[in-house]
Each structure stands twice: as C-alpha cells, then as structure tokens.
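Letters A, B, C and D mark the chains in the order given here, with residues in each chain numbered from 1 onward.
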Amino acid sequence: MSTSKFGEYGGQYVPEALMPAIEELEDAYERYVLDNEDGFMDEFRRRLRDFGGRPTPLQHAEQLSERYDAEVYLKREDLLHGGAHKLNNALGQVLLAKYMGKDRIVAETGAGQHGTATAMAAAHLGMPCEVYMGERDINRQRPNVFRMRLNGAAVNTVTVGRGTLKEAINETMRDWATNVEDTHYVIGSVVGPHPFPVMVRDFQAVISEEAREQVRERAGRPPDSVLACAGGGSNTMGAFHGFVGDEDVELYAVEAGGSSLEVDEEEGVAPNSASLSTGDEGVLHGARTKLLQDSNGQIMESHSVSSGLDYAGVGPELAHLVDEERVTPVTVDDDRALEAFHRLSQEEGIIPALETAHAFGFAHENPEQLGDVTVINVSGRGDKDLESVIEESAKRDLSAAPDMDVFDGGAGL
Amino acid sequence: MSTSKFGEYGGQYVPEALMPAIEELEDAYERYVLDNEDGFMDEFRRRLRDFGGRPTPLQHAEQLSERYDAEVYLKREDLLHGGAHKLNNALGQVLLAKYMGKDRIVAETGAGQHGTATAMAAAHLGMPCEVYMGERDINRQRPNVFRMRLNGAAVNTVTVGRGTLKEAINETMRDWATNVEDTHYVIGSVVGPHPFPVMVRDFQAVISEEAREQVRERAGRPPDSVLACAGGGSNTMGAFHGFVGDEDVELYAVEAGGSSLEVDEEEGVAPNSASLSTGDEGVLHGARTKLLQDSNGQIMESHSVSSGLDYAGVGPELAHLVDEERVTPVTVDDDRALEAFHRLSQEEGIIPALETAHAFGFAHENPEQLGDVTVINVSGRGDKDLESVIEESAKRDLSAAPDMDVFDGGAGL
Amino acid sequence: MSRIGEAFADGPAFVPYLAVGDPDYESSTAYVEALAHGGADVIELGLPFSEPVAEGPTIQGAVTRALDAGMTPGKYFEFVEELDVDVPLVCMTYYNLIYQFTTDDDERKGPRPFVERAAEAGIEGFVVPDLPAEEADPLREACDDHGLDLVFIVAPTTEGERLERIMDRVSGYVYVQARLGVTGARDDVSDRTDDALGRLEDWDVSEQGPEARRTESNGVPKAVGFGIKTGKHAERIVEGGADGVIVGSALVDIVAEGHREGRPAEAVAADLEAKARELKEGAASGYAQRVPEPEHT
Amino acid sequence: MSRIGEAFADGPAFVPYLAVGDPDYESSTAYVEALAHGGADVIELGLPFSEPVAEGPTIQGAVTRALDAGMTPGKYFEFVEELDVDVPLVCMTYYNLIYQFTTDDDERKGPRPFVERAAEAGIEGFVVPDLPAEEADPLREACDDHGLDLVFIVAPTTEGERLERIMDRVSGYVYVQARLGVTGARDDVSDRTDDALGRLEDWDVSEQGPEARRTESNGVPKAVGFGIKTGKHAERIVEGGADGVIVGSALVDIVAEGHREGRPAEAVAADLEAKARELKEGAASGYAQRVPEPEHT
C-alpha cells in the first residue's frame, strides 16, 4: 500500500461511506498509475499530448529577464487545453474513473478552471459530469460557468457560507457520499484524503518533468529557483515535484496575501488564503494539513481576489515540505497580484490567470531571490478573469493598469 | 520580384501613398521571409514554438470518427497562444515590422482574434499597437476587446457602415495611409495587396506543414480530405498550402452561409459571407478577388453569426484555387454552425470558435465526402463566443444545444 | 457495560440528535430536556463544526444557526454540565474540533484534552463522522483511558475487512447508516437498512475475527440512523432487527420551523417531546412485533 | 493638348470636387453648376463607391448620403449628360466600379465599357485613388483609345522609380497629394506640399526617362490637393509653384452643413459659389506673387 502520510500530514479523514471508494481508488491508483496496468499511463500521456497539447513550452521572458537581471523562463501551462494546468489532473482522473468502471463524475471548482478542465475531460471521454461551484465564484468566473455548461456538464450552485471553494468541496463530498458506488470524485488539487494528494501530484508532475529537461536544454544548467502560486497546491506540487531532489533549487510557493495577513477571529474571516504561511495544523476535507482556522478549530473564510487561491487549506505534502524547509512559502497581496497581472499582459503579451499573477508579483518584489536562472510556472491564462480584473483594478490606484475608462465609456464599449 | 498575381486575382490596388510601403514590404518579405536574411525565419520559428506553443497537436477525434465512419483528425490551432491560428501570422508580421525598423503597428480585426493575436505579439516584441474594430463586432466579441486593451493596445471603434470587418479594414488602411512611414499594417488574413496574401499564407503554412507530417505518422497515409472554414482565408490557406500539391487530397473551404445564400440587392445586403461560393470577381482592399457585390460593383454588407467570417471578400489565391477546381468551396449556415459548435463542445470536450464550427457543420452534413481519413482544422477556441452563442442559440430551436435556461435564471447565474 | 450500552439493554433505544446551541443556548437546553422527557434513551449532542460534510441541508442549517449564536466547544461543555437530564450523552462532532481543543493545563494538540474535558462535563461517548477506523486510534485510546464509548458508523458500503476493522474498535453502539448520502429526514425507509442490518447480524453470529470489545460487551447494539422521520419508520426498522433508532433531521426540522415562525421555546419543546414520544413508541411497537430471535452468547 | 490640359494653360486652375448625388440628384446638379459659376476650371465629379478607403470622414459622409439617395453609375452618367456647365469634367471613383460596369452591348468586365460610356456622357478624364500605376495599364489604354485623360496621384512618399512610372502614364494633370493620410479639410498647409512640388519640379526639368506623354504635353500641370480649405491656402500653394489647387472636403462641408440644417439648395449653392470664388481668387493671387520662373520647353 502507498503511504498515506507526509510526516504528520495527510491521512484519510472522511465519512465511512466513502472509505470503501477511497480504498478502491487507492488500489486503482497503485495498479493503473504506479504500475501502468493495461497501459493506463501510456494512454494518459498520449491524450495529454493530443487532446491537451503537451508538452507546453518553456519560454524565455525577455522583458522580465532584463527587468530582474536574471534569466526568467516561463512554463506555459496557460497553453494547455482549457487554459490552465488543471487538465493534467482532470484528464488523469476522468480516465482513471473510466478504467475503474465508474460512470459518473463529480467535481468541485473554485476559479472554474478545474471544473472546466473536468467538464472537457468528461466530454472527451464520454462521462456524465456534475460540478459544484460556490455562488460567489460563479459570479466571479462566469465564462467558466458557461464553458462547463457548453461541455455538457451540470453546474450546481452552492449557496451556503461565503460561496467559495471550501463550500463547493463540502457539497461535492456530500454528493459523492450519496452516489459513491458509481461516481468518482475528481478532486481539483493535491488535497483531500489519501490517495488524492499523491495521485494528483503524480498527474501534475509532468510540469516539472518537462520543465527540468527544458531548462537544462535552454539555460544549460538547472534553475536557481522555481516559483508557483499555491491555492490547494496542485500546480505548485506539479512544478516542484521534479526539483525536490535538486537541493540547490529554491522552491517558492506563492500564496494569496489577500487584503491582509491579519485575521478577524470575531468574524471568522482570514482576509487571505495563506495557509502555508500563516495557517495552523488541523483536519479538513479528508486530510491533516495546514489550515486557516480560529482557535477553536472552526475553519475560517479565506479571501483572495483570485478564486482559484481562495481556499483555507493546502495540500498535505506541501505543508510537509514547508515544515522540512524544502519549500519556502511567501505571500503576495491582492494589489500586487493585480499589478503583476497588468505587467505581464503589457510587457510579455501573456494575460495570466489572477492566480498565476501572484507568482509574478513575488518575482517583482523580490528579484534578488530569483538567482541567475528562474522558472515561473504560468499556471493558467486570464480569460476567465477579465471582468474581475477590470472591476478590481477600477477600485484601486494601480501603477501598471491600463486606463480603464475605455472599458466603461466610449462608443460601443 | 515575387509575382503579385494568382491567375487573374491579386495585384496591388491601393492608394499611391501606400505603394512605397508596399514595395518596401515586398522587399522585406523576399529578404527576410523567403531568404531568411539575418535569421528572420529561425527567430520566427523559435518564437512560434516558445511563445506560441507550436507545434500544435493533431488529435484523433474519437466520437466524430465513430459518428462519421471515418478517421477524423483535428488540427488543434485552438491551442495556439491567444486561442486561434491568427498568432502565426501576427507574430510573423510584427517581427517583420521590427526587422524593417518600423515602430508602430496597426491592425484591423473582426472576431477580435487577429486583434488579440497582434496585441499579444506587439506586447511580446515591445511594439506600440492600435487595432480598429467595428462597433458591431466589439459588441459581439467583448472579451477580445478587453484582452487587447490589457495587452496595452489601443482599440479604435469603427462606427461607419454595419461596423464589421470590412469597415475596420477601410479604417486601418486610412490610418496606414496617414502614418505609413513608421507604421506597419498587420493585415489579418490572406487578403489585401501583394505581398500580403503570399506572406500571410507563408506564415500560416506551418499549419499544413505540421499536419501533413502528423497525419502520415498517425494514419500512416495522407488524408483524403482537409476541411477549414474560410473568412478571409488565412486558416484555409494555412491548412491547405502543404496539401495543394497532393492531388488526391480534397480541400474543402467552408464558408459562412449565414441565414441565406440569397442576396438582397435593394438593401445591399448578402445575408452570408460566401464570396467563394456565390461571389463575383472584383477589386476590394487592394486585390482583385471574388467578392460579394451588387450588379454595380458596390460591396455588399455580409453576414455571419461568426464575426471572423463576416467579410465580403476572400484571399485571391483561394479564389484562384477555386477557379482551378483544386479547392471546393462549400457553405454552412448559421444554424448548422451553431449546432456543430454545441456538438463539438459536448462530444469532444473542445469548445470551438464559431468560425471553426462551420467546418464541423460541413463534416456533419456530408460525412460521405470526408473519405477514410480527414483533417479538420480547429482554427480557434470559442471562449470569445460564449455570450453570442448563448444569445443566438436561445433564438433558435437547436437539437444539439444544452438547455439554456440555466444561463438565465438559477441562483447567481 | 457502559451506561450507553445499558440504555439498549431492555428494549430498543430511541437516540435523538440535536445541534447544541440551535437556535440559542437557552432554547437548546429546553429542547434537549424535552427529548429526555419524551423518552430518549441516549442523546446525541452535536457540537457544531463549520464544515459539516456529512450533513444534509437540515442539520447544516442547525449548525449555522448555532454557530451564528456563538456556540463554541467551551460553551458546549458548559451546556452539557448544566443540562438536567438523566440519559447518557454522546458528543457528535467533526475531528478538527476534537483535535484543536486545548486547555490552559494541556496545550498539546490531539484528542486527549478534548476527551478529558468531555468526560468531566458528563459526556459518555463520541460519534465523529469524518473519523474512519483507520484514523481513530488516538481518539479510541483517549476514550478508553477515560472510560468513554466511541461509536462508529457502518455505511451501506461497509463490508468485509472494513467491517471487521470497525467492529474491532466500536463501543457503545454501532451507528448503522440506513442509506448512502448525508443526514436528512426522508419519506420512505431505505431498502438498504435491511441489508445493513443483515450484514451486521451475520457478522455478530460469526465467530471469526478479533474478539476484543465484542465479546466483552456480548455484541454491540445496532442503532439505525439517516432518514428516519416517523413512528412508523422507527417501527419498521426495529421490527427489521435494529436495537435502536437514531433520529436527527426530523427533530431539527421542528426546531427550524419554530425558529422561522418565531414560536416560543416552550411550544417547540412540547412538539419535540411529542415527536420523541411518537418515535419511542414506534420503536417499542416494532420490537413487540419482532419475531423472537435465537439468542446468542 | 486635352481640354483638361488647356484649363491649366492660362494661370492656375481651380479644381473643385463634389460627390455626385450628395445629398440628392437635383441639389447636386445645382451645386456643381454653382462651382462652375464660381470659377472652376476643371470639376472632379465623385462617383460614390461603398468603400472609400482614401477618404476622410467628410467625403465618406458625402458618399454615404449619395448612395443612400440612390446614386448608381447609370444615374451618374445621366447626371453628367444633363449638367449645364462648360468646364472639363473628371470622374473620380474607385476601380471596382469601373471594372464592374457593363452595358447591354458590352458585357465584358474591365474598364472599356465604363470608359466608353463616360466619354459618351462627356467625361474627359479619370482619377482613381486605388489604382496605382502598376495596375493602370488597361484603364490607360482604354482612355487613350477614347482620348480621355488619366490623372494619377503623387503622394509625399512617391519618389524615384515610382515617380517615373507615374509620370510616364499620367495625363491631364498630376494630382499632388499635399500630405499623407486621407482627404479632409485642414487648418494649416502641409510642409510636405512644398517638398512634393519641389520633387516634381526636379523631375520636370530633368531630361532623362521616357518622353512619351510628357514631351507631347510639354510638362503635365501639377495640381495640389488634400486639406486645402481657404483662399489663403490656395494662395500659398500656388505661390509655392502649383499649377492648380484641388479642393474637396471644404466644399463637401458646405453641402453637409446645408443638409444637416435643412437649408434650401439655392442657398447652399450660393455658398458654394462664394467659396469657389474665394479659392479661385486665392489661387490667382498666389500666381501673381510668384517669382517668375524660367520657362522650360
């Protein structure tokens, strides 16, 4: 059996009704993913290439390199089908569900990227699919809601709580607990009960497998640092996994600093999503990990301008790597993320996801920490964020934002 | 000198003020593109790979293959950075402008895809950029307007006429005529005066170069047919160019049939964009080609549910290949295109651009014409079309559309 | 045998659930006491957790109301201490609250401080829906040290080795989940209840497997929950072999309705007591109709 | 020498432009006649094309009004036939209309039927803004066959070989584009006008290159257009060496304003005539101030 723990993190804290499914999944993970039974991994890799568009390029970023006096390479997961790294995992899990003989898929989504990736993978593989999404996120990421529906998925609105990812996960677990016998829950990040964290990591590890080769080819040497934004941590673990053994490579997990790192216990709100940087050990959604919680253990409402980072927990393996000091957690707040969004859009011609923009915010504030060669993971594209960015930028006085008036007034705009 | 004519089509019908710039461009095209002077083509190909994400995959489409009893392969230009084949050309031209020492870019756009591709390329290469777009198209393709602005481009609304691509081209030519000395006009398709049609074709030919290799590898033989939607014809020529010499490969240029192939001379409106299928020889936007025009030679207002096909002209080379019976022009109307959009979204997990959907509409109506192996060019993704599709589908009774109610009512939707 | 075990000794036990602090501290006290008056044999007292993943909308609502009214683990224990009832009390909550609880004397994370405090307050057992047998050893040990029961849920999907693993660790009663899904009152009784009871029965009579708790308690009683709403349901379930019925959402519905309509707490309490009586009597009548089973040692 | 060439013979020519049919057939007739009364030496009559890529907003507006009012090539020729003016008329239009025109007698596409019909109607020359020298041979030949002039535009960017290619083919007058960009009245005179005139002058005196039309006409006159608005502008330009001034947008502005304000056609015609007079006089006064040039054969 694969080990379910990373140090003291991880485990399987789920209702009994789900345990048999989780054991079945563990078995399937070992056979198909680890042992490539029935050629599962071959088929997965082939589909990632043909349907997903892998390998994604590693691009030398000319303006940023000059600005930061370092060779900045961008791992272009935004070019993956669906527009984010999320497809690596979604395709792997939906395919696995098929191998397992399941005939229905449920998933939760925050930014809607995992939901769209899952809906696309499910359509591609002919699987019925339902996606749970918080009401607030639905309003922040409407294009993704449309995309899921167009791919034939049902999108179920979750209205409890603040209506973000945490509530969507709760609701999906409830659906799964109800329909566990024929349904697979395609979890969207390296979170949840074992074997999800290792399995999702393995599906996402293709990012660093490719990047490690590509940067050696391009720069002729390993990078000094790798940067990735961290919500649940799937793109982080994907971008880091291949480098964890390369001890000289600094790994920065960039969390959402939101509007503040202070916590409002009274209101139960942490106006950030920095569970690695400020969180506390606890149990949520099936695993022991670092959490944003109050002193009683109630989970806090997190906040980030980017839906995809807006989560009170984080993957247990990442929490462990932080404790081991292998990964350095850092934070970038809403304002700096928005500025980084505009900067990348204008200077490199890449409109990043708001999630991704956090990684660039860190590079901008701390160029001296990048070393001579750095890889920044462009976890997704920003098409889904256009309206949010315009709205959020208008509220602020951002140095890097284009003049927003044109969006409001002007002929036909 | 490169020849400016394709049979009787082509030429250089532009105001004298532009002729020197066009001669300069001709010279630059020959030196940099044809002769790879200063390593232009090497740099272009490298940037297409790293920034653009080439090569794009050739994907075997399982559900469609089964449905049409043919091996259907999809050339996935939708995975190119920006979401359409347009970047191949935009990146080539902006880079060429740089080699030519120009320091400003103008472009027209219909669907906004060429505009966003140009804005991205211009940001990537540090070139100021202005894009002209018709008012009607701005309203149909708002996300692309936002994207251009975010990439730092100015978007200029064109209010004359029906406010679509034709008027945007007029206006861009006027800008170019005013600023011709320091400005390059990045035309968006294989239209316009020589050398644009050949140059744009050469930049787009990478599609068929790759596809030709890929289909041989995958199917072990050449395809029986290649399908691509045709507006101006850049993705068509890009998809066809490498196959033109393979005489057994049928080439289908799928035009927008709009709401009808009939023409309203009185109103000056052709409710379609089928210039190859129904048009007449004439001179527009710098070239002699097939046009939608009335008996006096006034250009008709074209129509298509997809902005990117909504144009009264077509590339001269394509017109010539049709006259030579090397390319077969066919049409697909708005309704069938919308149905094909929904079908591909639901069955293959790929949300295509509305333009692209026309090619799939043809395959669906005429599976017997595909032969045993067919390549369909997925010219772009449909993110830009979400709102239009929802609106246009709601007006119709489409068999393939998902239930649209959820988009209107429902909690938070 | 624990007090909880004893509650099942003579006839079927009626085990109601309410979320503590719903809709406020005082009313909640009255409601729990009403359940005792109505014939409760054991009471499950929910300590509200912000992420009630195993609950349906009804209990989610109760949890939200209780949290909004300020319920905390500290207040929960005071509540238990102040309760004037004479039935064994089971604390139902999620693991993070147990894990996080510390006291001024004991700042170690982990289940011990919580269990200690619970024992002190008068809690006699636990049900923790997100703590499967695999992760339960630390809590099981702490419970053993303080003489508390640890109830496990057996789901319709629980079979074979898993069932054994649970039966090895369970004490007090086995919570037989009548159907897949989350908590919530239903209008029908699940077919799967009979299956589950059957499986447990087979297991009970089988001689194989570790004997630990089971032999000691001469078979842990089986209480069925998830979806039971009426006396008729209770009757059928007990007739089908259950040793007890667990009812949550049907009672929370009464609390929620009273709250929505602004009714006085005494009126709601009276309704709860009447409902408890109906359920208790249903269970008794089911027992009476039961074909006598061969006793097993 | 053609009638158009002769119009430049004694003193600078004033060459106004109007779009035919703007805002309607009858008014347009009155307006063109008013220009003749005001002193026009040659009149450019625009045949509206739906894609006027070389025009600024003013003339685009005129074209749209004329098309909306039903102007077609057929009506255009009737208009020309019915005009009561005694100055040479130049047809200004885009190539597609010339190319598409067919008659019942002659259904071949290409410029011939159009040129034939134009000659018959009384047109004496053409300006085709989207037809550069490279594509002009078929039209040039048809014009030659019917004794019509073909005017070409020389832009600020036109130099060297290109200039020769144009001068080889031009007849009637050379349309010197005063500035880059599109048509439209301006408040200043472009510095580039002088440059352009200078270039042409050099060319004129040079002896090299094909002699064809040039020698025959002893130097084609140079008329400057694009942006000329006032008598003062006309004066400066002629003083700077132009053989004529072409004025379009400044006149179309008067038509547009009259249309917008619903003024009677006679009033607008009177304004046009006055404006024509101002421009014609400006040109004359510029000529008077001109330093006499050495004549060349």
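Keep this in mind: a residue touches a chain if its C-beta (ideal position, glycine included) is under 8 Å from a C-beta of that chain, and two chains touch if they have at least 3 such contacts.
Quantities reported herein were computed from a predicted structural model and do not represent experimental measurements.
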{"item": "Inter-centroid spacing, chain B versus chain A (mean Cα positions, whole Å)", "value": "33"}
{"item": "Between chain C and chain B, distance of the C-alpha-averaged centres to the nearest whole Å", "value": "65"}
{"item": "Rounded Å distance between chain C and chain D, as computed from the means of their C-alpha atoms", "value": "97"}
{"item": "For chain B paired with chain D, centre-to-centre distance based on mean C-alpha positions, whole Å", "value": "37"}
{"item": "Arrangement of touching chains [line / ring / star / complete / other]", "value": "line"}
{"item": "Chain pairs in mutual contact under the definition given at the outset", "value": "A-B, A-C, B-D"}
{"item": "Residues of chain A defined as touching chain C within the complex", "value": "11-17, 19-21, 23, 160-161, 166, 170, 173-174, 177-181, 268, 281-286, 288, 291, 293, 295-299"}
{"item": "Chain A residues within the chain B interface of the complex", "value": "49-53, 56-60, 63, 76, 78-81, 83, 119-126, 135-136, 138-139, 143, 145-147, 149-152, 155, 157, 159, 163, 342, 345-351, 382-383, 386-387, 389-390, 402, 406-407, 410-413"}
{"item": "Of all residues in chain D, those that touch chain B in their complex", "value": "49-56, 60, 64, 67, 72-74, 94-97, 99-101, 109, 129-135, 152-159, 162, 166, 177, 180-182"}
